[in-house]
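Take a look at the structures listed below.
Shared between the two complexes below is subunit A, which pairs with subunit B and subunit C, respectively.
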Partner chain A sequence: MSELIKEKIEQTLDCPVTRRRFIQSLLLAGAVAAMPGGILKPFRSDAGIVYEGDYQIFRNACPRNCYDTCSIKSYVKDGVLQFIEGSPESTFTDGGLCQKGYEYVRRAYSPDRIKYPMMQEGRGTGNWKRISWDQAMDKIAKKILALKEKDGSLLGLALTKYSGNFGITNYCVEGMMSSLGYTTRMVGTPCWPAGIDAQNFDMGDMWCNDPEDMANSRYLILWGVNPAACSVHSMKYIYEAQERGAKVLVIDPVFSETAAKADMYWQVKTSTDGALALGMARHILDKGMVDEGWVKQNSIGFDEFADYLRKNVTVEWAAKESGVPAKQIVRVAEEFATADPATIWIGYGLQRHTNGGANVRAIDALVAMTGNIGKTGGGARYGHLYTWGFNYHALVMKQPKGSKGWTGKAGPKGEFDFSEGGAAKYSDRGLNINKTAQELLDATDPAVKMLWVSCKNPLSQDFDKNKLKKAMKQLEMVVVVDQFFNQTVELADIVLPVTTLFEEWTVDVSYWQYWLSINEQAIKPMFEAKSNLEIAAALSAKMNALSPGSCTYPTKIDTKEWMIKEFNKGIYGLFGINSWEDLKKGPRKAKVHPASWSDLKFKTPSKKYEFKSETAVKWGHKALPEYKAPRKPYAPFQLLTPHSKFGIHSQFINIDWMHDINPEPFVYINPEAAKKKGISDGDKVRVFNKVGEMVLKAKLGDNVPTDTLLMYEAWFAKNPYNVNNLVDDTSADMGAYKTGAPGVAIHDQFADIAKA
Partner chain B sequence: MKKQIGFYVNSQRCIGCNTCAMACKNQYHQEVGVVWRTVYPLAEEIYPHRERAFYSLACNHCEKPTCLEVCPVEAYTKRDKDGVVVHDQDRCIGCGSCIRSCPFGVPKFNPALKKAEKCSFCWQRLDAGLKPGCVNACPTEALQLIDLETFRESGATRSAPGFPNFPQINPSVRFRAPRQPIVIRRETT
Partner chain C sequence: MINEEKALLRATSLRDFFIARDAPEMADAYQSLIKSVKTAAPIPADWKDIEFAFNRLFVGPNSLPSPPFASVYIDSEPQIMSPSTIRIRQIYGMLGLTSPYEGSLPDDHLSLELDASIHFKTALNRNDSAELRGLWRYFLVDHLGLWIPQFVNRVLSTKGVPQAILFAVNQLKDWLKEEISAVPTVEQVNL
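Then we have the complex of A and B:
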């Protein structure tokens, strides 16, 4: 027994990794009565595995911030998740997941999971002590009440949450904050805001064609997007189009995995995409290849745009600016204008720039002037929120009576904030999520003293990590809800273990494809993990016990019931179902025309496509999709820090199964540049700029241009690697109109490199 | 000729995502470090861009498997019905003969069990009428299950650059070479 106690203490102090200890901890957590161990030891290749009639099958969906949002079929035996597959009912997922999704079984049962509520004595010390849920809630609730007592409001309590879990019921986290009072919220999105604004200026909404409809296209430009890494299920439609004779052009500063599958690849100079699009537009104009009928009928401001092109843009200028040869621009412009239909998929990377929104508007214009918007196989594809019309029951909560809040300019709201704006006297205080560090440092009256983090890993993903660490110091309490001891948890006071997708009920949709999936609870929560909904209920119970009426969140929640409450007639109608229970048979696709804007009724003030947008002017931009010069370099190399195919932001790469495939970080450098710097393949190098520095291995390859360094964003467990040591918080040009705050110029970064 | 199934490794469609490799782990939960399927990037001498063309490889379920030849305890058998080479861990004594002799480096040592193991072609799934986990998972149909007798595809080859050529043991795998796009690099910097 003393051995057991010893084990228990060791687990409390650290996260042990051996299987024996893992099983032990399951026993301790009481999670194992009937744990057959099937999951805990590898299957053997010769074992009598039976595939039919032997499993309970559950429906799940991947809730990550990803184009694909795969529908999952989970196979459970004796209460243990055995393996998962893609749902065959979804033509998009088509029976398979991705390299990340297939890791989920290990994620659920990872010995590295945070198992209990824990408290750290001294942030960053690793001196974690296990506490009970009751103790955790008591400490948190008392701190919240003390803040309210001192400040007279709860504006000293801030929430940072973004895209770590897009399961709809997880909007309960925002709801929980509202149920406590008016609080401070980090708002905006680091992901895609400049492009959202651009598409809203041009068309009145962001609304893409069905990705499955790419197969119908005769000409595809994949512009700053790398589906071979970031949307693997979209690739089959691109191949299908190719097989039917379509041409595929990839435009990217990097020769990506997708570029290798294209018919042609253009290595564009980073952030000059607008010049390239406008150069093509000018040539199409000169050649008389504009779709005059479409433009006359469906747009305003084209004459002014044409005038701008004639006065300011030439193909030669575009070639000089972008690096793409003039004869190529001319050729592709003509091919694109004559192909019918032709489409452009606009990636999120190309708008993470100080001119990103302007670049997206220029590309939109190219698609519109060739009459390709509103057409099957056409479209300026970026994203959509067309299928997100849920009730947001978990989100919409009333503040307790007598709550005081922000009386300044009403707080901005993010693109996923579906709460109805009211005419309340007070509001939450909104701070720009893309400048989290600076905003936390600057906020006064009252200062932010407490931070709640959920569905987000700010110390990994927010910009200028050094500044953020400084800003964290002024906080009196940091509470992090997570599954792993990541870089944010390192700087937390209290950590709360949250369930994986298999341990909770929710519902999921995508911002790219048009499928709807329910997410059933397939296994009991592991260890002491709770869903965000259950955490909200637990906090409310404690708040009300200590100070009756201090929190309006229900204290008892059936998460399945709450999942059901997210559905409404609109969703049922859109997906052609009678009840949410129909989704138990598999995911369903929205009954929509494959082309967005097929009725050509745009949501702009003029109801037309607006080459000239007064709304843009109102938000401080040019009326026309004019070129905006890129950010001036502040160091010799352009530094790009995009997604890796092995992770989504800071998730997946830490799991040991992925370690077999992707064990360590690299910086990619062109061999020519490496030679000048005396760097050989595999050398340890230092990458540094005004923000900070990183030491890591160099990998030589001509996939990156000679003036560019590339390293993938990632969190490797037990490795300090973090690209945000090198990324500052400079804003993108657009985003404030629709997402509350401008985006961030993640790819407008520069650095130098030297042998370490 | 007896029926022989195999893998079709279509590099023209393969995006190197490693979904097949992870789907294998999803199915069998191998010990960390014990890998049945690996996605190999092609050397730059074969494909001129680093990490942009791939072969997804596991056991080749050879016509005349070396593992089966060298195993002292008959832990390996070749199924008559489809030619799948099955390794029986109950019989395996972990001597490592198969690991040393397989020219493709397929069998791996499981340090926890102290025995060899390798890709089973998911024969249990096959027997249940399902595709192997890796093939089922591939998002681009780059990895396919084929019947060697009936498989006909123009451009498909028995050997491939970088893949060891051992016609005498006849690995049950077919390849298709990757394509190269026209690459337009920047004129100005």
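Then we have the complex of A and C:
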């Protein structure tokens, strides 16, 4: 009987008509009335929110640091996000997301989301108090004003922000800093700086072909990149090329998921890719397979490069350095040189070495000398920022009048710095983001006393974690803006809840594909989450209330309006749209030639491809793509910490659905090496080096070379695992030219292993 | 205070306790709760520690051992804003009520549901009807009765929970038990 009642009630609830009838009868009977002191309030049928009806569809985009930047269609019913799918209109997204993207509803609606501004009494104690936004802004503003009073500038306030959210309006965080005064900025990028410099020395810009044109390639070398894990949407173009008869070679120290799909696999010795590329170049030169016409018309310095090759490089030498057999080098070199078109996808992992930039230059040279640059299906593919020409309205803010700042060498620009920095008396102080810990410890005159963390998780992602924890002890206030508790929030004084992509207006593009997506606000922000724009406005309001004129950021912001303000004629023209509203019907693709550099008008000083680059010399490098030896190992094993498909850097790893398929972290070791150490599959082991140590389980697999240990980046929720306990902050060779600081040799790390 | 008043005070105190934003609000609600029951209650020395523990259990910023949202316990996936949350929203609507949070706080937060329970009792007192009895029975037995015991168990099995919070949670458990024992019978619900 009880079950029948339950059923009947549920039927009544599910049908809008019967629901209304029920309410009517209750109201007529005078049964229901408002109650003083209660929480629930009377429901008016003319009230704003409609809780009946079909799905509302919104357009969103994944704003993560990922090649794919998927266009998303979000389905909302009753004001609640029900499910999402990849937009079918984008040929790149092609209607599908990835295993991370499909967990977005779970992120938005996790009971563990950071819900309110909170203050920790004693960093790391876990003793948190809930505070109002007003109280939070008050504490923060007062601290900022106190710093200004003490130092005469805001150089004691530092911002560390990177790629947690690439929605364009999120550059408001940098804008917010500028609107307060001249501050300290962690500048540079751990991601791709060496390669960016290399491509700039060679061609005058980093500008890749449309990835969708890989289907047209006749020969693809996937060099130090693992798209099967890290750019799943690109795989279909590789498969298409294969189906059309193209050959795919994967070069990677590890037999990756992508290697399993290739026609050939080379297990290159880590960091010797430059030697391998130069060896192939030497053979192509010897065989007379250089595209002489292309080289003569479109480049400078090839004769010097050829000379260098003849004097310094042989195939045998390249084979010895790289571990790839000479016979293979010779055959592939010839195949690559004769295939038309041929392309190389240069991965970011490949350049995370002390010789990373030099390695990329050598690979670029291989593509150029075979005449494959500027061709559909060709190209030295790395990345681009071609579609990022927005107004950056949220970013460009003036410092308050009378602000004092850094008078040293002009502040460096990061690669995502789209502000038109002119010459100024003062500037921000730039510190190397890749040496955050050391820079915080060393900064003086004034010292850094306050840190604002947004779109970044330094305690998970920054190198030499122990040093960073030490550096943070000197900070008087740490403000962290985030969605979930992590190792950075753990050490915060104040945490501010930020919106997910479904709860804010913004616009998104990719650094790999050529699509533009609008990101509409699909649902009301959960709890008290605010977007970074709203946070900037709130801080400015409080700053100006306490000290008029102390912050130039507007205090009232319509975030939808500010999204619209990002659009300009350039964007409309590039994408062939009349207004941002066109994007409500779906994402749009840039109307460009699929091949970058198709006009062969390079942006170098000579306007040609520069095998010999004077700019490189200016920045302390060799003019030619000469071989640079790898970092000398200081421990028996190479330690690689590549990206996992279970997370985007520190995001998604902590989602409970992800734990179902990725329940615990491992160190991967080759069975031969394991045998020598007496380690069996599943054994608890210690991985250790001069930076720190880690205790975890070992997994045996021969896809890892015998001299290598592999651990996936970077942390694991509710687990002390963090690869940065073992990774130091040694610089890569390049990066300072275009990104403000050299990169990090993330994969030039070494360690030993023993049974625990 | 007569029984009915005390019962109402207990329900409102529990409601206010579990949605308290800071130590003073927790202390106020707790004071009212003590007044409403016969059981001897622990008197906290320092409400600051209670506040820290309260946030650890029910608010954040770390992951919660005992989230105070029904859907986490009764829907197929432990998340908020699930189908059962919409059901609760519909039930509020049936009573002519809506949450002022408009979805930014899940409708099935413990305190909103306690508030709804108070409305139900008031409505039943004012004008009893079979429909109302049926709806209340459903809400109490087929919803609150399903998730609150799980929620209570989560708190009771967490280490280091202060006595005051344990007391409040046990009072919640008692409240539920008493309400269920007094719920309209199947025969009294004539649908």
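Criterion: the second predicted complex is superposed on the first by the 702 of 756 C-alpha atoms of A that agree within 3 Å, B and C clash if a C-alpha of one lies under 4 Å from a C-alpha of the other, contacts with A are read in each partner's own complex, and residues count from 1 in each chain.
Everything below uses one rule, namely that contacts are C-beta pairs under 8 Å (C-beta built on N, C-alpha and C of every residue); 3 or more make two chains touch, one makes a residue touch a chain.
Fair warning: this is a prediction, and the values are worked out from it, not measured in the lab.
Using the contact criterion defined above for the overlaid structures, shared-chain residue A:Phe485 touches subunit C, although it does not reach subunit B.
Once the two complexes are overlaid on the shared chain, A:Asp656 sits against subunit B and subunit C alike.
Of the two partner chains placed by superposition, only subunit C is touched by A:Asp112; subunit B is not.
In the superposition on chain A, A:Phe255 contacts subunit B only, with no contact to subunit C. Touch criterion not met for A:Ala380: it reaches neither subunit B nor subunit C. Legend: residue contacts after superposition of the two complexes on their common chain; A:Ile679 is shown touching neither subunit B nor subunit C.
In the superposition on chain A, no contact is made by A:Ala745 with either subunit B or subunit C.
In the superposition on chain A, A:Asn127 makes contact with subunit C only, not with subunit B. Residues 39, 41-43, 47, 49, 51, 105-106, 656 of subunit A contact both subunit B in one complex and subunit C in the other.
Of all the residues in subunit A, the ones that touch subunit C in their complex are 1-2, 5-6, 8-10, 13-14, 19, 22-23, 25-27, 29-33, 35, 37-43, 47, 49, 51, 78-81, 105-106, 109-116, 118, 121, 126-130, 132, 485, 489, 495, 523-528, 656, 717-718. Remark: subunit C residues 12, 15, 19, 21-23, 48, 51-52, 55-56, 59-64, 67, 69, 72, 77-82, 85-87, 89-100, 102-105, 111-112, 115-116, 118-119, 122-124, 126-127, 129, 131-132, 134-135, 137-138, 141-142, 186, 189, 191 touch subunit A in the complex.
Residues of subunit A touching subunit B in their complex: 39, 41-52, 83-86, 94-100, 102-106, 228-229, 232-233, 235-236, 239, 250, 255, 257-269, 319-320, 322-325, 328, 645-646, 656-661, 699-703, 705-707. Residue ranges of subunit B in contact with subunit A, taken from their complex: 13, 15-19, 21-23, 25-36, 39, 49-53, 86-90, 110, 117-120, 124-125, 128, 130, 133, 136-141, 178-189.
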